[in-house]
């Protein structure tokens, strides 16, 4: 079996999934055999969308990508990736300032799980200035986030805002 | 055929190949089906080793990596990669400051050859401060570069220095 | 009417206003017709000075700058700027690391309010290492912040410390 | 007369003008009364296009922008700006790594010409990875630069390549 | 008495001490006459190890370094350093992104205590991606941190985890 | 003998010495027993001032600093430092972008000469945007560099310009 008919994992909070995340997952899906979007659950952190809501909307957004699946996990990314027999992690890099943190995490994951590489993809320029943090801030102040997230994510956020979920 | 039983190309000048390059190519070879080290020939730039010398020594250094080959090319990386039907480019990132230039190149290559992604791997920490430029500088001033390059590269440089090649 | 006989807005928390902020506002006032310092109110964040206190002391500090006014606002900067018919936002950049965040905010504001540009001014070198965060930390541990803030801000902080406000 | 019915200068080599430059000049023209693109002539540097060629094509590209003019100059930007009674310089910032150099130049220009501020605009994300250097490299290797430069610049480069200028 | 038969202080939280910290303190101890590791106590921040536990384990880890002592302090580093008649502060730099914050602190400390320089040492490459934050995260999720901290620190953390302290 | 009654070396081109260099050497001289400014001679690089001219003017500028000496050297810094039995190298850091290169050099020097540490000092903010490159550029275009260099350096440059040296 060729090496890469295996799984790569794209871990993150995806709270919410942005057009930047979708860019990375779409490009990774064109490149790797199987991509799993792994939503990290961190109960001590206040979130905008519940993990289950995030999972549902991401499944909806990515359903046309046949080799992409969505899952939730808690605990260490490295341990989860090992339990899934994943081949590698995938992460996007938007700006130079992302690299210091991402390199630290990549090296930590290699230490924790031998051979677990992290593969980086540079964000497409047009998405390089989008972050979930900015989306949450704009949303919380009542602003329109439709330029930053897929339509389905925007719908979920709007339904929630107007109390009709 | 699974997507990734294909070729990825690691382009560069490799003048000379350092332990940092070897780290990236070794890890890429563990991950992808086929890795080609593609030595760019730039006649207008004064080089330390001739392209053919670089090719020979890199072949020697990487001979235990069964899925790694070495080639030379001139012209645009994107065009060369297309001519080789390569699946992607691979590049190492050592420090945050590398990212600005590398992201510009990655986006240019995607524009020039649709679908030609660049996959980045973060240098292993112990090799993150090695560069060919520093090796060339030390060598030209008569210093010992054995801590920075594979033994075979060091031998080639030493033979050249003592005039016994 | 020439384009620029209009308002630019310098948004921030200004908790407290530092010599770095004063440098930016003074230079912006020499350049634009009308500059408004817009103090963002964020009730969920613990602040050192109340918004009203900040407004008063900033008015005092800037009263010799005839084309500078001070206001408070809550909600999104972009929406506030539109409501004020502002021509642009003004922000200072101190160090390279500021740029990633500031560029993200600038692009978000352009998305939220068409044509709302952000104009950046590089901090004067002597003020490039001052931040409100450092001022707050020093103040909270009982240190002397007079080298970092205008005299009037220092007075307000000292009166508060000694309980005589 | 309001302060800003005056001239701002956008200095650079523009060898050649890219879509990134055009983005900055278009946005600056929407913001300032008069914008002059000032092409620096540096005879000791080998250029792709002659200054006069650059001037002509930039005039063509920007002719729909009524408040934009194009000029060439040699010597120090600060002295040229003073001779033109310019109000400020305008520069684009693409990535964090640009800032260190640009801040040094801005401070040097303020030292050389009192009150000569530099106003920075963050590149639109979609143009943030374009540089004249990359365009020159691709062009010199025979590649297609039409994704990076305005159509008129592309035409000039192509005519030159095919010898029909 | 020569200038440097004096004390330099290495301040930090050391929650916990990592191999990166140990690298810096070992190299500083080879260079300066007397090095004090000064553990800052910040009661408002939730910590992994109590200050007294940190002090004990650091003393154990560094006991072979005859010119290294360990202390705890609260309040401003600059004031503490003056009270100790320290000659300078010592800090490690791991990545470019560390510099902005560290330079701001260094300048603040020089303002607060005349002549109190901060001396920086670049982390050894192999330790440049270790941080206490990553260690705490891995530990809290039940992971193995033995690759990142000295053996004695690892023992303390493990005893605590298994309830046998 | 205490460890530090020894020599530290501040290597560089100093073509010419700027106020930024003088800041670093003055602060280093307040801290270390003996500081040597070591001017690297690189015959293949076109210089503004001859090494001997640089040496003379730097001696003049620093003559009030009793523990500072000036020398020239060629070849590798590490070898020169060993030949001088130097205790460490000293370098200034102005901006985050300096760090990547400086860390690479520091690690290379440690590899080449065991125990040869590099000590970094953050530039004083007011000098953080001065570089010899900018000084040379301004000088070559006929500009006034007196804001960036010590008076004696300015005199040497002016005498040379007017042909009266």
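Letters are used for the chains, namely A, B, C, D, E and F, taken in the order the chains are written, and counting of residues starts over at 1 for each.
Convention: a contact is a pair of C-beta atoms (placed from the backbone, for glycine too) under 8 Å apart; a residue touches a chain by one contact, two chains touch by 3 or more.
Note that the structure is predicted; figures quoted are calculated from it, not measured.
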item	value
Touch-network distance, chain D to chain E, counted in steps	2
Rotation angle superposing chain A onto its copy chain C by C-alpha atoms, nearest 5 degrees	120
CA centroid of chain A to CA centroid of chain F, Å	48
Centroid spacing, where centroids are CA-atom means, of chain C and chain E in whole angstrom	34
Chain D residues counted as touching two or more neighbouring chains	95-98, 100, 103, 107, 125, 129
All chain pairs that touch each other	A-B, A-C, A-D, A-E, B-D, B-E, B-F, C-D, C-E, C-F, D-F, E-F
In the complex, chain A residues that touch chain B	1-5, 27, 30-33, 87-88, 93, 95-100, 102-103, 106-107, 110, 115, 117-122, 124-125
Residues on chain A engaged by chain D in the complex (per definition of touch)	95-97, 125-129
Residue ranges of chain F touching chain B (in the complex, touch as defined)	75-76, 78-79, 97, 100, 103-105, 107-108, 111-112
Parts of chain B lying in touch with chain F, wherever the complex brings them together	94-98, 129-131, 134, 138, 141-144, 147-148
